[in-house]
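Shared chain: chain A. Partners: chain B in the first complex, chain C in the second.
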Partner chain A sequence: MSRRDGGGHRRPQGSGFEASAWFFMRVSGVVLLGLAVFHLFWMHFVIGVENIDFNAVAGRWEGRWGPLWRLYDLALLVFAMAHGFNGLRYVLEDYVQRPGRRLALKSIAYTLGFLLISAGAYIIFTFDSGGV
Partner chain B sequence: MRVLFKVYRYQPETREDAYFDSFEFDAEPTDRVLDGLNHIKWHLDGTLTLRRSCQHGICGSDALRINGVNRLACKVLIGDVGSKIKIEPLMGFTVIKDLVVDMDRFFSHYRSVMPYFVNDEAPPDRERLQSVEARDAYDDTTKCILCAACTTSCPSAWSNPDFIGPAAIVQAHRFIFDDRDEGSEERLAALGQRDGVWRCRTVFNCTRACPKEIQITKAIGEVKKAIVADRS
Partner chain C sequence: MSQPINLGPRSWLSYRGGSGYLLWALHRVTGLGLLLFLALHIVDIFLLAFGPAAFEHLLVLYTSPPGRLMEIFLLFGVLFHAVNGLRIIVQDLFTKSWERQRHDRLIVVQLVVFLLIFLPAAWIMFGSFLESLS
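Coming up: the complex of A and B.
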């Protein structure tokens, strides 16, 4: 890589996507730690493992703090999926050498991630226990 | 003490496949592993081919896999390794002959980060002065001797030969964090490519392998942070 091209200052472009992905993994890792620990604390100490059932979740989502809980669960879903699937992308890029196979596996992974986030988000936004 | 050296052999002009040769002889526990290899070459089998130059841990020629661990043969005492010593060439490079590997790609990665001082301004009458604190920022990475022990211990480098590798990043770090140097932007751009620093998965093998005890993974992390800061 030449430092100067004809006296002009040309900067080779780095991969902005990889830089962002690396930064996102750090941020989402810290955010997930907080979200997951609070979730564990809530389920185990506030609700209690023996009381976790459909009604516990339905009551939480439809109660006074329902919108906030839905937002919390949505954040947990999106961060966990994006963090996890980006990790999976790293593994595929590191270990699948053939370009065709790598593209196919990454496409499957992205589709799967998108479907799972969509399905989860759909339930979070539209959930209605119907007074069960 | 009686020692048994099991040495990786590959002599393409006389035999197609690689194999192990065993050599048993007397050595002092305070002898270095390199003394053992020299003993083999000088007295037992002159065809043994290996690289070594200064023999005092400065030139970086004799990094080898010693009992499975990347180390400099001239820095390791036989007594510290044991009486059974297995010697193999560095992993991930093509073996040319016996313990000699092809390091062309390693040095082309090294050259891609512009491992030299860049400053187009005319130098002052005397030296370019630098504070003690500014010098501390890159002191650790000045110790690199380009032995390739780090790069050949890195799983990312094994699986992807295009990965620039820890040694080149260490060399770039030495100049990026030197406040007298002005080539950082180009170095960071080169390291910011897909096969630059982003292939590092923080495995820490490089840090363990470094015979100069450079905190390589930390240095790579500092470069990653500098790239993200540079972009924002």
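Coming up: the complex of A and C.
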């Protein structure tokens, strides 16, 4: 049987961290296929980038379906960041061979990831237009 | 951990053969691009905390002509990464699909699905780009 390389990681053996990460990438990938693609088409083709301003966000997060939109955006934030930063980890492990440098870059990446998730979650939970 | 092997920068871009390799490389490039955009997007949304003026000041980045062109790249990245990722999942589930002929056929299906969604959507975005010029 002639096989071809087609991208993606082969499933790591066992039930350790790498196997879980491999599985998570598939599950979160399917979740994001729904969440991220719908988000993009909704914001760019239904709403339109030129129509997005402070009031548009207020209407979305403080309107009747506000809590649901906040939950949606929080799910999108967490899944996209976890999927993205695990992908970045794969890239760093492939290309950065020296252990010290690898640890340093991973530390920077995880710190950035933590800060970004915190900032995103903070605004999703605390946004208040002040009745604009 | 595997033994460190450093093949140098040249090997990062070298063609390793097989129709899947370009897809693999594009999956990485689009993935990194999307992560970069995601970071920018979180920052712009975070500016909501500082009121309408601060938030809308940065939105010019997206409604300006260069922003409207970048939007098409964003669409390309999201759609390619989504369709290619879905193909990888399908191939993980059905190992028979790795046979050369089935694999090549699957890639053709993948590209057709991608283009059927991407081309009309990109056309609409290109219209917005032309509008932003006037």
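Observations on the structure shown:
The working rule: the second predicted complex is superposed on the first by the 111 of 132 C-alpha atoms of A that agree within 3 Å, B and C clash if a C-alpha of one lies under 4 Å from a C-alpha of the other, contacts with A are read in each partner's own complex, and residues count from 1 in each chain.
The definition used in the following text is that a residue touches a chain if its C-beta (ideal position, glycine included) is under 8 Å from a C-beta of that chain, and two chains touch if they have at least 3 such contacts.
A quick note: this is a predicted structure, and the numbers were derived from the prediction, not measured.
Using the contact criterion defined above for the overlaid structures, shared-chain residue A:104 touches neither chain B nor chain C, since it reaches no partner. Shared-chain residue A:95: touches chain B and chain C both. Counting the residues of chain A touched by each of chain B and chain C gives the higher count for C. By the document's definition of touching, of the two partners only chain B reaches A:15; chain C does not. In the superposed model, A:80 lies in contact with chain C only, and not with chain B. By the touch criterion stated above, A:71 is placed in contact with neither chain B nor chain C. Look at A:44: by the touch rule set out above, it reaches chain C but stays clear of chain B.
Residue contacts after overlaying the shared chain place A:56 against neither chain B nor chain C.
Shared interface residues of chain A, touching chain B in one complex and chain C in the other, are 1, 3, 11, 95, 97. The part of chain A that touches chain C in the complex is made up of residues 1-8, 11, 26, 29-30, 32-33, 36-37, 40-41, 44-45, 48-50, 52-55, 57, 77, 80-81, 84-85, 87-88, 91, 95, 97-99, 112, 116, 119-120, 122-123, 126-127, 132. Against chain A, in their complex, chain B makes its touches with residues 112, 114, 118, 155-156, 159-160, 183, 185-186, 188-194, 196, 198-199, 201, 224, 227-228, 231. Contacts from chain A toward chain B in the complex involve residues 1, 3, 11-16, 18-19, 21-23, 90, 94-95, 97. On the side of chain C, the complex with chain A involves touching residues 4-6, 12, 16-21, 23-24, 27-28, 31-32, 34-35, 38-39, 42-43, 45-46, 48-49, 51-52, 55-56, 59, 62-63, 67-68, 71, 74-75, 78-79, 82, 84-89, 91-92, 98-100, 103-104, 107, 121, 124-125, 128, 132.
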